[in-house]
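Naming follows writing order (A, B, C and D), and every chain is counted from residue 1.
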Amino acid sequence: MTDLDGLDGFTIEVPSWAYGNSGTRFKVFTRPGGPRNPYEKLSDAAQVNRLTGLADRVSLHIPWDLVDDWSDLKAHADKLGVRIGAINSNVFQDDDYRLGSLCNPDPAIRRKAIDHHKQCLDVMRQTGSTDLKIWLPDGLNYAGQDSLRGRQERLAESLREIYDASDDDHRILLEYKFFEPYFYATDIPDWGTSLLHCLALGERATVVLDTGHHAPGTNIEFIVMQLLRQGRLGAFDFNSRYYADDDLIVGSADPFQLFRIMSEIVAVGAHRPESGVNFMLDQCHNIEEKIPGQIRSVLNVEAALAKALLVDQEAIAAAQRAGDVLGAHQVLMDAFETDVRSALADRREARGLPRDPVKAFQASGYAETAAAQRVGGTQASWGA
Amino acid sequence: MTDLDGLDGFTIEVPSWAYGNSGTRFKVFTRPGGPRNPYEKLSDAAQVNRLTGLADRVSLHIPWDLVDDWSDLKAHADKLGVRIGAINSNVFQDDDYRLGSLCNPDPAIRRKAIDHHKQCLDVMRQTGSTDLKIWLPDGLNYAGQDSLRGRQERLAESLREIYDASDDDHRILLEYKFFEPYFYATDIPDWGTSLLHCLALGERATVVLDTGHHAPGTNIEFIVMQLLRQGRLGAFDFNSRYYADDDLIVGSADPFQLFRIMSEIVAVGAHRPESGVNFMLDQCHNIEEKIPGQIRSVLNVEAALAKALLVDQEAIAAAQRAGDVLGAHQVLMDAFETDVRSALADRREARGLPRDPVKAFQASGYAETAAAQRVGGTQASWGA
Amino acid sequence: MTDLDGLDGFTIEVPSWAYGNSGTRFKVFTRPGGPRNPYEKLSDAAQVNRLTGLADRVSLHIPWDLVDDWSDLKAHADKLGVRIGAINSNVFQDDDYRLGSLCNPDPAIRRKAIDHHKQCLDVMRQTGSTDLKIWLPDGLNYAGQDSLRGRQERLAESLREIYDASDDDHRILLEYKFFEPYFYATDIPDWGTSLLHCLALGERATVVLDTGHHAPGTNIEFIVMQLLRQGRLGAFDFNSRYYADDDLIVGSADPFQLFRIMSEIVAVGAHRPESGVNFMLDQCHNIEEKIPGQIRSVLNVEAALAKALLVDQEAIAAAQRAGDVLGAHQVLMDAFETDVRSALADRREARGLPRDPVKAFQASGYAETAAAQRVGGTQASWGA
Amino acid sequence: MTDLDGLDGFTIEVPSWAYGNSGTRFKVFTRPGGPRNPYEKLSDAAQVNRLTGLADRVSLHIPWDLVDDWSDLKAHADKLGVRIGAINSNVFQDDDYRLGSLCNPDPAIRRKAIDHHKQCLDVMRQTGSTDLKIWLPDGLNYAGQDSLRGRQERLAESLREIYDASDDDHRILLEYKFFEPYFYATDIPDWGTSLLHCLALGERATVVLDTGHHAPGTNIEFIVMQLLRQGRLGAFDFNSRYYADDDLIVGSADPFQLFRIMSEIVAVGAHRPESGVNFMLDQCHNIEEKIPGQIRSVLNVEAALAKALLVDQEAIAAAQRAGDVLGAHQVLMDAFETDVRSALADRREARGLPRDPVKAFQASGYAETAAAQRVGGTQASWGA
């Protein structure tokens, strides 16, 4: 299966917050051994890379991951064999942001939110990160609460100032989301709105596609294709959903959808590092173990990519040209039906990695050691 | 407009937790003056009744509202002119319930959850409450995580024990919910499942319809009709949604839907107290002021009922019999289009209530006094 | 209520096909008196304008409405007091279009579809119409059936040729639709895709927003705002839905949504004729009488606009600036709650129109005369 | 893989109407060689069984499949190696049913609809069929159009008369559907309503689950489990959907969902013929070839069942008992990831069937022969 050579160089970025506690509005469950600071989060994240060889970057979240000495954190990462990836801003956990951040009707709050992003740009300069990821939580709960249009204007101005403050090697990754944490209107609810702002900002602004941020029934691979066609697909936030933004393990709810997405990626070679698409995870492991959950996730993305690489491109193109509906569909399905588990285990073995990374993690004693050592202090949590 | 006599005796139960802090998984915003204990929650709730004359009962949530001396709390309520309504159990905020409560695969956890409900029955005996409301959060995040069928069997057994422990004047109100806090499967996801368990339990078990707990597009008034037809509509949890279980102010997202629901109620006289349907609110005032939010909510339900009472029943029945599609629809719309604001203000005035309860609250100084007096301690919050 | 002066000059375009038979995939119901040709359709459409004074333009559908002598049809329209509005192309009712039209993998089919649009441009020249409305039905039923990206490229080329063939006073109105008649992917599924093609084409290309063409939960007024902000909202296709593209009478399913949409329109004065937004109906009266259905529809849009004009703009802006969530929302709701039926009837009377246009139609004997005279021939139907 | 022995005896019923023309409300595409009568439909259906060994029964639709001599049609079926399965009533294609059939406000129309079902029972007696499948299209397009409750009462009465007219060896299969062909309310919109009517009728009334008849996000395997638990899952109508009732090839849109459904079936042995669950297809092959489409469909169901049979029941039960979320999920995923194509081809070969039934059909010349011979007459179509 030489098609799997296409996997070479493909990596997935993992988020620092996936190792801390997370939950729903009803409850954040805790577990022994949860990381208490960015150093411990990086240690946990490094396990995923050590066992899969697929995850050599870790996204940070500001202010959750602020440290006094960035060079020290970088050295810690180096030692662990990972490096710092995208910097995520946070404008949803301060009472000031109750009515929004970059769109807030109050200019003082907007100033605060803009300055926070400038702080993130500084973190990028110190960590060598080149991606500033903005998930804008802003929105409204009630019709009439604020001017939808006024908020777009304020958003455009705020983003302009952030973009202008960024360096030439910085990218702005602008995320959209259908709804939540507000429930009537969201200020960047769809890819169209995100793209319009990116187009207005300039070439270094690109769209983030979170697979959980769409209306029911949305054809996500179509959006992937469209953003690639516009040259503006900056990054993925991978996860799974059945209902809302459920943030389940990517590939667990609809593996065929993940495969279709990766097939659009492969169709234009965007899985290759030089494409500039940052494949990231953004999930919540509310009830399952976190490091194994992350390992399973990167393996799921890898498997979907492997299957997408197996699509017989000549055969499918010929069937499509011939108008052979069932034939073209079947070429795709044959790739999806292929069991790639052994081939991927072989590939891992050949690279000096464990055939079964989840089992290897469980056998490693890492979790038990962490539980024993991480006593006292406060476990990190994205909900607080 | 003598049709509005139908409003006589109609009341809405308000929840104690609506006055404490609430929010999303991302943030719980705080405000000065938030209540710190059940006494202060009852005081806040009593404001709604004082100004609208519509809300003389307050639901409690156990363990959030546990007090040492129930007779003292009852006396406090009496003084405020309200009484204690339904008792709500809580099996979603303990680490033990990570994999479920009444459906948990571990019998020890099920025992704990059943015992908690028995504790709630005791609270009912001490407070004079007759309604035990069970919202079962149980569910799964991943296919295969547990046996869907096994969980139904455990649920049936657990409910049986609770039902059998209840008194002859107790009702079990069993809620269903489409999804959340679990995102693959919910153990009581729809009215059909709730009703089947109620039918198995006995006559004192009835279904709770929360207006935010359905799939997109669900015709809720149909379910209202069907449950009334089965004699098993025990209660409403009113709120509004655009997307998921958004818990917005009832009537704020789709006032026509609320009107259609109330029209099904009126069609069989279920708005009258003797019907046994408990009309309750269950909302989150994440960003708006809480007491005015509750006042607005009960007024919205009252307005929808008022409009439903205005439907010309003879005219609509005649048009329906004649197969006059547009004519019958128009009779309904004419009631909905009627502006009932003045008539309802007149009615309030005649009953010695303020014409504009929200303005009256704002003029009362209550909020300012609460903010000044409620210093120190911890504000109540359903998220913690 | 001088605010209603804002209604002056506001008109709604009605579709010729609304008077012919329509239905679902299961059944097209027929009624006596259905129109058999474009002349009879115009006669029916003219009834709506005669009784409401709101609908002086009629959209045509090619080839359904092809006639030999366009000047004769125009003269017929003149006599009836209406004129010909947008020309609608049709690329969904020929066996050749089974796998698409402007996106078809076969260049000969694309040629045929492009030429059809050129024919429509000719009809525009002969009828004085300036709007070419394109609803592109193209899409796929199965993943892999064709290249999503290849289809976008073909679409861009096809549209380019059509745009270039159009005159300087022509507009291209490009519609999007979430799904149907294909069920895996749609080639213009969302406003973003439609807008990207319009931006690529040039200034005379604008987006059509059909209120039934969105995913569940989509905030339509946000899209209205965004397209207005981009200067690219060309037209509405109004109708109502609960589920899919149900094509019910506009305002019948969610009158509050229609009001919110019209509020965004009013906020920037886009209800005035000079705005260039074409307010059109596109509905199916499957089971109700068609002319009364159209009358009810234009009255519903007028009522929603009237209420939107009543929003106290100063008060809402002040509340929004102050961060008064409930206050700002209430200003909007107060306009919505206002009963405008009498004021609009007064206004009609003052303009020499019947107070109740539906009753006036029923009393006119038009339907009975049509049923008696339209004997023989084939009733027009958009499904065939 | 001895687990595949579980496939022995498993069969899928195919519908006579799948071979005739079908389409959307916009267009029914035609193809040369389409069957013109029930005899030709049976011949087409028999091809599916001949090549897969999985489809030995054919559902009929009345009145589409009415013939003068039922024993002759049965003899034709015998010769083809198939037999007649469920009889489907049709109360949606007569102008009389515009406002409903079994729920119609007009007793004369209800009488007609009831009598039609009695005719279907007669067809069952003559064909040896034991299943009467009722899909009730009844519903409303506008709120207020008719009494939701009144319609339930009429429905109950109508069904009672049909049930009472049926024989002791007859089953009533009662289907539910979320929406369409009516768009405000459906008279049997969900499994709960269907089940309530079945419970009221008696033991021979069971529910039909059509996989396309649910709201977005509905967990269908939960419903399968619940209906099995009640002993009332009578039949499946299999197909696929992304949006509404899209009627695509089963397994083409979400193969993991189909696998989860079959896993619930296997969990209680309901795939065995003695379970009484009738596994049927109900799809529209609008743009693809029909016989290959049906072949692909039965193979997809077989593959999903094969994978479900591979789930390691002991391992998953142990992981579930241990609360091992990821472990239990992984056991399920391992079965789904298994490539069963070769094993199933081997199994076919061993049974004297072609390894690749679609290719075998294409090589057989059947389609070309049909196209050459079926000249003149009118092709069958369910839309007319």
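The working rule: a contact is a pair of C-beta atoms (placed from the backbone, for glycine too) under 8 Å apart; a residue touches a chain by one contact, two chains touch by 3 or more.
By chain, UniProt protein names: A, B, C, D = Rhamnose isomerase.
All of these numbers come straight from a predicted model, not from anything done at the bench.
Asks: Would you pick out the chains that touch chain A (Rhamnose isomerase) and also touch chain B (Rhamnose isomerase)?
Replies: A chain counts here if it touches both chain A (Rhamnose isomerase) and chain B (Rhamnose isomerase), which gives C, D.
Asks: Between A-D, C-D or B-D, which repeats the contact pattern of A-B in over half of its pairs?
Replies: C-D
Asks: Count the touching C-beta pairs: is C-D or B-C ahead?
Replies: C-D
Asks: If you average the Cα atoms of chain B (Rhamnose isomerase) and of chain C (Rhamnose isomerase) to get two centres, how far apart are those centres in Å?
Replies: That pair's centroid distance is 40 Å.
Asks: Approximately how many whole Å separate the CA-defined centres of chain C (Rhamnose isomerase) and chain D (Rhamnose isomerase)?
Replies: 37
Asks: Check each residue of chain B (Rhamnose isomerase) and list the ones that touch at least two other chains.
Replies: Chain B (Rhamnose isomerase), residues with two or more chain partners: 99, 141-143, 178-179, 184, 216-217, 219, 242-243, 252-253, 256, 287-288, 325-326, 329-330, 333.
Asks: Report the residues of chain D (Rhamnose isomerase) in contact with chain A (Rhamnose isomerase) in the complex, numbered from low to high.
Replies: 216-217, 219, 242-243, 252-257, 287-289, 292-293, 296, 303, 325-326, 329-330, 333-334, 336-339, 341, 358
Asks: List the residues on chain B (Rhamnose isomerase) that touch chain A (Rhamnose isomerase) in their complex, please.
Replies: Residues 22-27, 29-30, 92-93, 95, 97-99, 137, 141-143, 178-184, 216, 241-244, 246, 248-249, 252-253, 286-288, 383 of chain B (Rhamnose isomerase) touch chain A (Rhamnose isomerase) in their complex.
Asks: Across the complex, what residues on chain A (Rhamnose isomerase) touch chain C (Rhamnose isomerase)?
Replies: 99, 105-106, 141-150, 152, 178-179, 184-186, 189-193, 195-196, 214-219, 221-222, 225-226, 228-230, 256, 260, 263-264, 267-268, 311, 316-317, 320-321, 323, 325-326, 328-333
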